[in-house]
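Pasting a structure below so you can have a look.
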Amino acid sequence: MKEKFINAIGAGEFVKDIFVLTEKSLAQKRDGKNFLNVILSDKTGDLKGVVWDNVDDIVEHITSGDFVYVEGSVNEYKGALQIVVKKTEVRSADSVDPGDYLPETGRDIEKMFERLLSIAATLKSIHLKALFEAFWKDEEFVRKFKTAPAAKKMHHAYLGGLLEHTLSMVSLADKIAGHYTGISRELLIAGTILHDIGKIREFDYTYKIDYSDEGRLLNHIVIGVQMIDEKIKKIENFPEEQALLLKHLVVSHHGFREFGSPEPPKTIEAVLLNYIDEIDSKVNGIREFMASEEPGSGWTSYHKIFGRHFYKGKELKQTSQE
Amino acid sequence: MKEKFINAIGAGEFVKDIFVLTEKSLAQKRDGKNFLNVILSDKTGDLKGVVWDNVDDIVEHITSGDFVYVEGSVNEYKGALQIVVKKTEVRSADSVDPGDYLPETGRDIEKMFERLLSIAATLKSIHLKALFEAFWKDEEFVRKFKTAPAAKKMHHAYLGGLLEHTLSMVSLADKIAGHYTGISRELLIAGTILHDIGKIREFDYTYKIDYSDEGRLLNHIVIGVQMIDEKIKKIENFPEEQALLLKHLVVSHHGFREFGSPEPPKTIEAVLLNYIDEIDSKVNGIREFMASEEPGSGWTSYHKIFGRHFYKGKELKQTSQE
Amino acid sequence: MKEKFINAIGAGEFVKDIFVLTEKSLAQKRDGKNFLNVILSDKTGDLKGVVWDNVDDIVEHITSGDFVYVEGSVNEYKGALQIVVKKTEVRSADSVDPGDYLPETGRDIEKMFERLLSIAATLKSIHLKALFEAFWKDEEFVRKFKTAPAAKKMHHAYLGGLLEHTLSMVSLADKIAGHYTGISRELLIAGTILHDIGKIREFDYTYKIDYSDEGRLLNHIVIGVQMIDEKIKKIENFPEEQALLLKHLVVSHHGFREFGSPEPPKTIEAVLLNYIDEIDSKVNGIREFMASEEPGSGWTSYHKIFGRHFYKGKELKQTSQE
Amino acid sequence: MKEKFINAIGAGEFVKDIFVLTEKSLAQKRDGKNFLNVILSDKTGDLKGVVWDNVDDIVEHITSGDFVYVEGSVNEYKGALQIVVKKTEVRSADSVDPGDYLPETGRDIEKMFERLLSIAATLKSIHLKALFEAFWKDEEFVRKFKTAPAAKKMHHAYLGGLLEHTLSMVSLADKIAGHYTGISRELLIAGTILHDIGKIREFDYTYKIDYSDEGRLLNHIVIGVQMIDEKIKKIENFPEEQALLLKHLVVSHHGFREFGSPEPPKTIEAVLLNYIDEIDSKVNGIREFMASEEPGSGWTSYHKIFGRHFYKGKELKQTSQE
Amino acid sequence: MKEKFINAIGAGEFVKDIFVLTEKSLAQKRDGKNFLNVILSDKTGDLKGVVWDNVDDIVEHITSGDFVYVEGSVNEYKGALQIVVKKTEVRSADSVDPGDYLPETGRDIEKMFERLLSIAATLKSIHLKALFEAFWKDEEFVRKFKTAPAAKKMHHAYLGGLLEHTLSMVSLADKIAGHYTGISRELLIAGTILHDIGKIREFDYTYKIDYSDEGRLLNHIVIGVQMIDEKIKKIENFPEEQALLLKHLVVSHHGFREFGSPEPPKTIEAVLLNYIDEIDSKVNGIREFMASEEPGSGWTSYHKIFGRHFYKGKELKQTSQE
Amino acid sequence: MKEKFINAIGAGEFVKDIFVLTEKSLAQKRDGKNFLNVILSDKTGDLKGVVWDNVDDIVEHITSGDFVYVEGSVNEYKGALQIVVKKTEVRSADSVDPGDYLPETGRDIEKMFERLLSIAATLKSIHLKALFEAFWKDEEFVRKFKTAPAAKKMHHAYLGGLLEHTLSMVSLADKIAGHYTGISRELLIAGTILHDIGKIREFDYTYKIDYSDEGRLLNHIVIGVQMIDEKIKKIENFPEEQALLLKHLVVSHHGFREFGSPEPPKTIEAVLLNYIDEIDSKVNGIREFMASEEPGSGWTSYHKIFGRHFYKGKELKQTSQE
């Protein structure tokens, strides 16, 4: 377990703690001897460091992404903190709490998952039931589905974010499916649960949240369709039309080709799924953006992706000024 | 009351009925005498006609948009029906049922309006209460708000469509406001009710649904803000911030400048209103498009605005083939 | 075999021939009796027809897309030819030459396929070899791959068009791979062969060339990745990186998200594949457009998709004027 | 009155002068005691400062935007000047010359306003005359109209900029209205004077030029229409068509929806107003950009909004090199 | 000289007049004999015709674009007028008045040209003077410059349109150059005169207004620069900077790359020229569009390029209804 | 000849070498005396410097772009190297090797040029032969054509880059011209050789690679057409159509108006030229981008223009980690 997080460390301290090694690069001193620049990280930030001794040994045994027990003294260098590393030992990923190293949802993952299961259990189609049974029995899938983030930045960009986003959307989908007549609740709920499952492979989230090779090369939409295809192939007599419509929900859920969907939504369920996704990711994204801003102004700073400032309101402003 | 609608009239009949005169234009016979080409309409379609006699009198007394009692015989001319008009009398708009001449919502307007009133009545802010009181007391507003269409084409393009669209959105807004914490239900419900009120002046819908001069020159967003501004000015101490945020919901409800909003949504309530509007207009628009298409195919024809075919499904196709 | 193609039939003839029934729709005569409007087609065009007798029997036994032996007399009706159908018999698809009913490549399909096999045989990677072996052994795949069109309109929009387009691209790819150093010829050739295989399911091309349900709902890019995924799963130890890069070629071959690729090309091979596809489809598309235009002008008519007139040249113009 | 402007202050000086407090934020020393970071500004720039003593008192009594008499010594800290504030006293806005704190037009505001009045006085329509009378009698309107900037950045971004921009445009409009026949000079001149009046509320310009809450939430186009609507409502028998066309000039003056106009120009006067606005803002914007650039090059640096370098010319280059 | 224009010809007349032969195409009668479909045109419209006799002779001697004296009788065929041509004789272009066959400016070409010369004569730069002298001495240039249209459609699409457009712009440029300080009137006036000269080769306008091969392949901007380059090369010591800036006015006058300018305006003169061009072409285009519309409505029909209806006004509407 | 390149210079050295003076700017010391900030460059980078003595003399005699022999001592200032210049002497451009000061192609310029000549020599058209003869005889053209870069950034942005890019494209064009029937190899090869010749004037590349005034004001497409026009004018009976088609290849080679081509490609040769240009510039650009990136990651950093990361591959990553 972590003793102290990076954002609490000050100059002058001697640190003994486990970090993730985010980057390392070899450099040369004027005298020709090698030394190592490293970046150590936990969920609260990054700490630059140097290693003067024992460099070759470390280069050989420690890889970016490793959890490393480090001992060293912290000082200020060029206006920033720097740790002079004295000792390093690789630790297994099992021996640490990933939540110490990556931001994590504030909600209870197991409870969210149970809630999702209970909604999935209300589906009546025997084929959809069989499909979800296949997913829930797939332990690796479940493990990753519970921890994956929903994005690298922008919204739900933390461990458990995918599950949190999916559950919120399923709950919205249920409400909206009931509002209009003629909507297939079965299809909409099933598609909502599965729409982003490709993200469990689109991202790496062992020690930092970033795109995986597969994510960058194939996109979670394509990965997700493959994952569904694989499971459906093993279910006898899965109706072809139902399979197509379910995959279509995944394929079209970004709404437009410009946003990565090879085809736009062509059923009302697909149109709804796209808007439900938009609503949930925008609401979460704007809130997190507002929360990340310093108080004291009625407006957020300019949000580059959304292209605007958001209004936080008069009251907030007054509070922060008194 | 109408005897027979245009889509039921056949060649060889002698017609005595009230139509709306949609167009008239003077033309000249080879012998130099004037005659009149007219288009008579009701909610089921248009009927071309000619008037050979008494032309000057008609030109003087009948204007496009008038309800006209017509007698005449119907024949076929160049492959289409044509009525040779023998007699015409202008009738007052009061003496006819507008629903005979323009498409109308299939739902009960009074019940929808009562339902809207009851939701508006749940608002707690005394200023918002006062604002709605002012609107509901404005008889001309209420009369128009109950009959206005929500669009010329695309969605809810029929009398009562604005009310139907608004009520559906308010109900959705209520559900979504409850889904997320930190949403101002007051603001979202009030803004949803008012977001499109400018449409009661943006459209003409006495005898055909089309843009009014004011609609084309100012846009319903600008008209709506003026209408709210006028009412708010008469309410004492209406809080300035609340007024701004309410108007902002109207100003931004199209989501992007490209779609006519001078500013994009800058509060979460405004973001939500935009999506709720999108959902309700798209769902209604796609359904009406599907319903307007001939059965017998699994797909609709190409929808030019949406840029795609929509899937109607296998079962429909099979039905139509058997 | 066809006796006479539709573009050669004239008014006054009595026809006994096999057509594909492209459309049928029931209508009612003034006396209340049913009759049938039909459209009969072959590769040279469409022929409208009516069936007055025996209608119920035909409605029951003949479906759109059937090949039908028809007897009837041809006359002119409202300025177009019309066949009054006297007799109809369904014929099996085996008993006709599909090339009589749909436009077909002018080149020899078997020779093109052999040529493609021989190029595929030059690949050295044992895993790619195994992959292509799996495809070539899949008889249904091969049958469809040989007959599928490459598009509904625009380019190679005829039976065998996919193979013709693929082979031309592979040959170009081979030349370009040799032009630059550091290109993986293995990957580029393999990806070029497979890039459009999803089209064998994206289109229906039994009796008319149109999008299939699967094509409209999933897009050939997504279908193609699933097809490759299915084959690769059965090959032992197929290297993960090679599989990703191969699928990436399919995923990105439209170059931009706007054109349907969920991810843009991120390797030089993918960049090249996109351009090779662009070149071959544009050159074929422009040539077919030029060929479809009436001679006698130095310019084609306006091409709506490309947004321009194409120059056919002075000499052509002179020829056509003399 | 200012003793010395910020751009003339050097390290080592002891300053006694009035600044505007642009920002203040509380921070904590290592020993746990509060101190205050402040930014003091005048029209020539910003000066960072710290307050070590009496912090709570200042926090309570001084707000961002206040004019503050400050005493303190200036030193260099991390490569920039910093004032160590010893004494602070709030001063009333009346006691300072706003032109000392914000950039101001170089032209005589009163003369410009008189010139505008004299042009407005040439209008012949009694209703337009009544409308302008109403505006000129509105003292708060006149006061703000004389001082408002025309923009935050880009063009005429200084006190009096709105008036300068409006007057220049009115003069251009007069010339262009005379060039073409059939233009309503009345409408064009009136619309030009009023097109940007919403900016007097869109911006805050008491101590810094920035968007107001109302500006960001409603946009000056919507604000301007409300302002005109309010005045017109009080004029008897203001012709409806004239009112619509005048408001349309305001609504459409940005030319395209993408640029914030809910409707594009639909009369020739509106088309002209849009171009006159474009010309005057572009010419002013480019000139100010050129003037803000260091001499010595024939080209400006890259202008991000306009997406290009501007040519300043050979002669300039030579001059600056000698 | 024309006896009677096409829009005045009625069925039953026997015509003896000169037309331009816009199109001819050979067809075959059922009996295998050739006949000729022709289109005859003058500035008021087109008249379809057939030639039954002497076909081979006509095919050999008459070419599209020829002026042809025709005798024939006019009847109605399929709802349109058709002339059965009995006699044809080619006439030389000199023997006809081109203004009878193509729409022409309503203004006096010679007076417009003199006015332009007099403005050009106010330029002071000896090099610009020499340049214009070279152009005015180039008889072919002058002849074409006086007759060329400014466009195929949209604005000034008639003989003399280029001159009319240029003169109007020069006059506007003179006014605007005087409005701002620091504008080079020399450069702006010279550039305005020359900005569209490439159009004298971009269009064919001998018997119909259409793009020339050169126009479609090179664009009038590139043609215009070549024309200026050719003249400048022959002027001794023409200052390089002046030549570049003058050509830049031509190159950039469409304002954006999307509109065909390889570079956007980079001097204030170029920015102004672009707006002056926009104003004059829009005002002319909108007016001609309004004039081409039937009276009787306050609005024009939808203008596809401009994407809107234009307001013609209440009064017009009333007039046309009475 | 250079003694030592900038990237090899360290603090503490005393330098005696020739650099290009990229920038100089006069500044004032606190005591009021002038000093000079300079930037010295060679192909490996920039070195900041100060001159304390003899400033006026240097200002008068040395201009940006001059080659200057410098003596001075190098130290560290604010974390970067700085040379304190003691002595300066201007050197003539002839006395230095330009390749020392600007990046240069790694390939043999003379050999590349010979190869290009030999391909041009295969053309059969006597007029094209005459045209190239005219270009090859133009010594200034040849000298610049051999040294010009193909771009400022992005691809082939080094001396000789234009020739390298052109030769690579010509070789590709030859292959592709042979792949399709009906392509004019003559036109395609000639157009490919000439498509970018305007770049020899679009860029300055004497001491740094940047746009020239002419390049920024006219664009290389317009410059190139003028250059061809000038040569063609001197060739007797150069066929007009051939000249137009050749210029069209230059005009349209950027493919779309948005990318600077006043007209899009309207012949198949022009379509091909555009793609060949795209392929060669993209392949070169991506490779150079990959090469400029630090090893050690499977992906490049984000490429802003291309809007993506590029995949460098697993193997690279492993190599760099061991």
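Order of writing sets the labels: A, B, C, D, E and F. Residues in every chain begin at 1.
Keep in mind that, in the parts below, a contact is a pair of C-beta atoms (placed from the backbone, for glycine too) under 8 Å apart; a residue touches a chain by one contact, two chains touch by 3 or more.
This is a predicted model, so every value here is computed, not measured.
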Partner chains shared by subunit C and subunit F (touch criterion as defined above): A, E
Which listed pair, B-E, A-B or C-F, duplicates the contacts of B-C in over half of its pairs: B-E
Centre-of-Cα separation between subunit E and subunit C, whole angstrom: 44
Subunit D residues counted as touching two or more neighbouring chains: 213, 216-217, 241, 245, 248, 266, 309, 311, 314
Touching pairs among all chains present in the structure: A-B, A-C, A-D, A-F, B-C, B-D, B-E, C-E, C-F, D-E, D-F, E-F
In the complex with subunit F, residue positions of subunit A that touch it: 25, 63-64, 78, 213, 216-217
Complex contact set, residues of subunit B against subunit D: 213-214, 216-219, 221-222, 225-226, 229-230, 233, 241, 244-245, 247-248, 251, 257-263, 266
Residues of subunit A defined as touching subunit B within the complex: 168, 171-172, 175-176, 179-180, 182, 241, 245, 248, 263-264, 266-268, 271-272, 275, 278-279, 282-283, 286-287, 306-311, 313-314
In the complex, subunit C residues that touch subunit E: 296, 298-299, 309, 311, 314, 321
